[in-house]
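One chain, subunit A, appears in both complexes that follow, with subunit B as partner in the first and subunit C in the second.
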Partner chain A sequence: MATRAGRHRNQPIAYLYIAPAFVIVMVFSFVSMGLSFYVSLHDWDPLRGRGEYVGLANYARAVAEPSSVFWLSLRNTTTYVVMAVIGVLCTSLPLAMLCRRSRYGQALFRTLYFLPSITPMVVIALVWIWLLQQWGGLLDRPETALLAIAIVGVWQASGYNMLLFLAGLSDIPQDFYDAARVDGANRLQEFWHITIPLLRNTLVFVTVMVIIGAFQVFTQAYIMTRGGPERSTEVVAFQVFKNAFSYAGQMGYASAMAWLLFAVLFVFIMIQMRVFRSRRIYDE
Partner chain B sequence: MKTPDNPIRQKRLVGLWAFVIMSLGAVVMVYPYAYMVGASLKTRKEFATDKRSLIPPRFQIGERLKHMRGEDSALAWEGADWPVLKNYVDGIVYGQVDVFLLNSLIYAGVVTVIQLTVNALAAYAFARMTFRGQGVLFSLLLATMMLPAAVLLVPQFLVVNALGLVDSFWGVVLPGFAGAFGVFLLRQFFMNIPGELEHAARLDGCGSLRIFWHIILPLSKPALITLGLFTFMAGWNSFIWPLVVLSDQAYYPLTVGLSLFREESGADWPRIFAASVMGSLPLIAMFLLAQRYLIGGISLSGMKAQ
Partner chain C sequence: MVDLLERAGPTRGVLAWVRRSTAPPGPRRIQLRVWDWWSPSTTEDYARYFAEIESIFEARHPDVDVVFQAVPFGNYEQKLATALLGDNPPDVFQCSVYWAEGFYNRGMLRQLNDLIATTPELQDDQFVPAALHHTRRGTHVFGVPHILDGSCLLWNLDMLRTDPNLHGVFERGPDGALDFRRIRFDAVRDWAHFRRIAKQLTKYDPAAPGQPLLDDRGDVVQAGYAVNAYGMGAGPFMPWASTNGVRFQDRAGTKALFDTPAAAQTLQFLIDLYWKDRVCPPFRRELVAYDQFQEGRVACVLAGTWSGKYLVRNTQGWMGFGLTALPPGPNATGYKTMTWANMMVISSGCREVETAWEFIRFLCGLEGSLLKLKRLEQNSPRRDVYRSEAWDAAVKERPYLQNVPRICTVGDPLQHTQIQAVEDEVEPIFEYVLLNWPEIEVGRGRFGSVADALHLAAERVNEVYDRYGHLVRRWDAQLGRRVVQEED
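This part shows the complex of A and B:
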């Protein structure tokens, strides 16, 4: 009988409801990763399929071989991540604080600063090729090319993260500031002793998300520089891409590199999961 | 520091300065768009000689005056009297931008509709039903969110390749048919819908599918719209996945089409920018219309648009 609400009863039909989503998500996550691990242990060509079993040779090749570009690309990527994190934090948080204080046009600013988040990265990269060329050819010199694509990344991400900070700032009760004002605190003291500590969750969230996103940087390098000049913008995701889809028969090697990238990111992903769980949208 | 004994005055001053700095920032945000639109209205020669100016020569008063005085000006060049939107038309006529745009629309649209349906069904089961293994299955689903897209690129390609879907419509859209984040977000929303309505419907003999369709979904419109918008935007902006799956140009979405134009030797930049404008406008229009859902969604969840 269906009279009693089925809170405590097993409802097998639920499996039918979750099946489509569950199967698709699993196939394109864990199953894919499993398959790619299997592939990474072989010589593999996307067209001809499995070749010889090579054990961990693909990993060894990426990590230990002198001619390997993996470390170079990892160093470039890490440098990019550092620049992106500093850039995003130093723009989006001040912008959020200014936006709240602005006498006019707060809603308009929010809209305008958000535009890059809804523009295809390809389009952004194409336009910035020419903007950067006017600024002394930042893209053409190996010393500045990575900085140049980081500028683009920061320009693209700062508005979005400003919105996250705005949400975080609006959660801080005004009472704290009023109390500090009564005690004679100046703005800098307010910032260090109220804003930063109470914004900790948002700060960690934004930082970790930017780190994870920046480690995957690809489109700028692909569209703007093709990894050049002199491999100065060779990043890991681009290396994986090239080995998998441009060079013949390197699918096993590319899979190994994807796994190595995952290993590098793992720490940050763990922090992300923790933060994500502790955010208020999780089970109340 | 200005008169601390007059906090209202000081607050006004700070507000004014904040406005000024934010306005400067807004110029930095808008400038690339202005540059893109301006360049898309130039001829190739105009762009090649003047890469700096935002305004095409035909709209520059200085050039007009020079031209009227009979001096040598950019307006005497070939193309200065062409239709302003020639690059846009050429992009469609010679660069099949219309096909790319339609492809983008189809990919993003199909992914959005199917993902909403599939995610909502699963979210409903997780939120309102009881079954063995519920917690484990949900945790497993959530755990997939920790796998970054760049790491999954090659693995997902291997699966699509194994399914024989490389270079096909299904290969592009299939991985987007469901997403752990969407299930998670909708489940949160569904759990907050009061149970009384559901009980009443059950007493009237409604099955779970009818409850889902007639009670849960109509009450969840804001969440569905927010998730739908984000899914559509992600689909429209996606680049790497269609880039690796597709080789037949007829299937290209706009993002991949643009990168194709860029690779051509002697790339026609004004035309590339015209296509870029056409590719950016739909989402900007959509954003302006549905802003409250999007910004609300971000503040709520830190959802990512790209």
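This part shows the complex of A and C:
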């Protein structure tokens, strides 16, 4: 009882503590999101700060107009997401395991692999334009351009996700491995039956974060290809940007596309959270 | 020392602050905010130009403090919209033809008819006609021409000189001798002649007839002409199309006009230069034609009349190049290109209209234009500049300038309506056609012919124009504006 009373007594001060962050999040995230939804229902003129109400016309234009590139850009974005998720998982987890095993220079490797994550994507994109040209002009062909920008995205993201995996790996008690070895398990069996199940939460977190980040891919397409060649790297975020800031009076349409992207992303993440629901492993 | 401190942004600000703080108190100073994508930090020449503009203007208007703000070209639209919304717009700014009409339609620019009417030196007859096209909508004038530019062919005269069969392209001096520093305006008679010259200037591989000779790195040794395929939209196409009687859009920006047999003939001409005559370096995204020209690998490229000064700077003084307009195609007569004039405008939120207009009067008048010529080697939209001794001296010193006035004069107006949206529609189509012509030729391409591709491009552009037209009508109604558009 006394504990409950204490909790109640502390509540106002607790709200005070979170108030600054709460206000910032409300203003810069939720209020902005609400505004963008409002804008998406209008033929919005950003210069005048008002527009004509058009209902769902902007959404209908994006999904149903024959010349709309929304579906094409969504397809490209989804393909990019698949490549990014596979690429990041297949590079950052092995890197984390290698790093963990290295007897010497673990800190050095961690730093080296992490460096791309703190390098601005614009710089990375400019450097990779030249690297990819040396590798047979991957950016020049519609069949390979999206793969090329995905490689760049994976290269940048791997180091950061490697650190997350490294943290996850260090949480796995050594006892499990020792026990498995006593039972005669080989390295592959250890990986499948101990590492992967116990890394489940980290895996889900990394996958969700990579999916969210990859759905918002923009910089590579903007800097490296401008959506080309032949619209093969046209992604949703780039379409949103162009319509919002480069074409006159298309802010409402751009906002509608952004919300459609949000809807797709939301569905993806919900499915994933259901399938890989977080739970404790080997506890019982 | 003071000069050095004046050039850098932060120290420049500090110096200005020190001067203001130590100056005796005087009457209220008017702050004139000027936006430009040119900047004092671009080069030393620009630094001197801006410093001189500022010091002359402030000396004549002691109550005015000119504050330049450099705004990147790519962000201009967004920044201006934000500044106007935030009630903090520039008073006066340089405006590209790409945005000018759109800004005016949205009520971001002040109409200038009343101011021009009282200013003899900025009347229409003071300017080259090609410079006036983009400064108005119907009878509403919203800009004063500031610079004049046109697309042109940029030739490597050193390469032309090495082939005696091509010496006919050079001017002759008063003594009748060939002047290898100056190319004739009409050096190329027509497309067929251009094709022959481009072939003559291309070094072909003796081991693989018809293929350009490549070095160890796979780069061409010497190509006659370069076409950019990636990300260029209608850029490499329209100047050539104009020489074949094609226009991109109507004046009001309501209809695409390039869905014609003459336009298809033009695109086919460019395709043939690349795929049949093999006079071009391979299409590669990171290799821009202009850079290849600069490296001495390409004899001729499509560039702009502004290119010369940058070329001289980048090559540390090399001036073995010349500029011409584009030769006539089979469907038209006369030399052509695309011309545009960026302009000085006054924002609708300007608080010091009289001072802003004084600034424009100075900048776009003869004095300001000669200053641009002196400091930036920039030609002018003004007629009187070309009659001045300063221009004669500039041409004497830099012979490549010789054809610039004529090139700008013969140009058709550059397409300007919703340019980014339009380019985004035509770019993938042009890219596809240029990159995949062999597939199209054998009937396996996405388009049956070049004409089909242009038809689709025009359809898409018309959709952009329709959407934009709807917006413009709404803006006009909101602003209570009635614009009578001139006929084409």
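We adopt the following convention: the second predicted complex is superposed on the first by the 239 of 284 C-alpha atoms of A that agree within 3 Å, B and C clash if a C-alpha of one lies under 4 Å from a C-alpha of the other, contacts with A are read in each partner's own complex, and residues count from 1 in each chain.
In this section, a contact is a pair of C-beta atoms (placed from the backbone, for glycine too) under 8 Å apart; a residue touches a chain by one contact, two chains touch by 3 or more.
All figures in this text were calculated on a predicted structure; none of them were measured in a lab.
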item	value
Subunit B versus subunit C as contact partner of A:P229, first or second or both or neither	second
More subunit A residues in contact - subunit B or subunit C	B
Which of subunit B and subunit C A:P46 touches, first, second, both or neither	both
Partner chain in contact with A:R101 - subunit B first, subunit C second, else both or neither	first
Which superposed partner A:E190 touches (first subunit B, second subunit C, both, neither)	neither
Partner chain(s) touched by A:T119 [first = subunit B, second = subunit C, both, neither]	first
Partner chain(s) touched by A:F245 [first = subunit B, second = subunit C, both, neither]	both
Partner chain in contact with A:D140 - subunit B first, subunit C second, else both or neither	second
Subunit B and subunit C footprints on subunit A, overlapping residues	46, 130, 133, 245
List of subunit C residues in touch with subunit A within their complex	77-78, 81, 84-85, 102, 105-108, 230-231, 283-286, 418, 420-421, 424, 427-428, 431-432, 435, 460, 463-464, 467-468, 471, 474-475, 478
Residues of subunit B that touch subunit A when the two form their complex	12, 14-16, 18-19, 21-23, 25-26, 28-33, 35-36, 39, 51-52, 118-119, 121-122, 124-126, 129-132, 134, 137, 140-141, 144-159, 161-162, 174-175, 177-180, 183, 185, 188, 195, 198-199, 202-203, 205, 208, 233, 236-237, 239-240, 244, 254-255, 258-259, 262, 269, 272-273, 276, 279-280, 283-284, 286-288, 291, 294-295, 298-302, 304-306
Subunit A to subunit B touching residues, read off their complex	2-3, 5-15, 17-18, 20-22, 24-33, 35-36, 39, 46, 95, 98-105, 108-124, 126-128, 130-131, 133-134, 155, 159-160, 163-164, 166-167, 205, 209, 212-213, 215-216, 218-219, 222-223, 236-237, 240-241, 244-245, 251, 254-255, 258-259, 261-262, 265, 269-270, 272-273, 276, 279, 281
Of subunit A, residues touching subunit C in the complex	43, 45-49, 52, 67, 129-130, 133, 137, 139-140, 225-231, 242, 245-250
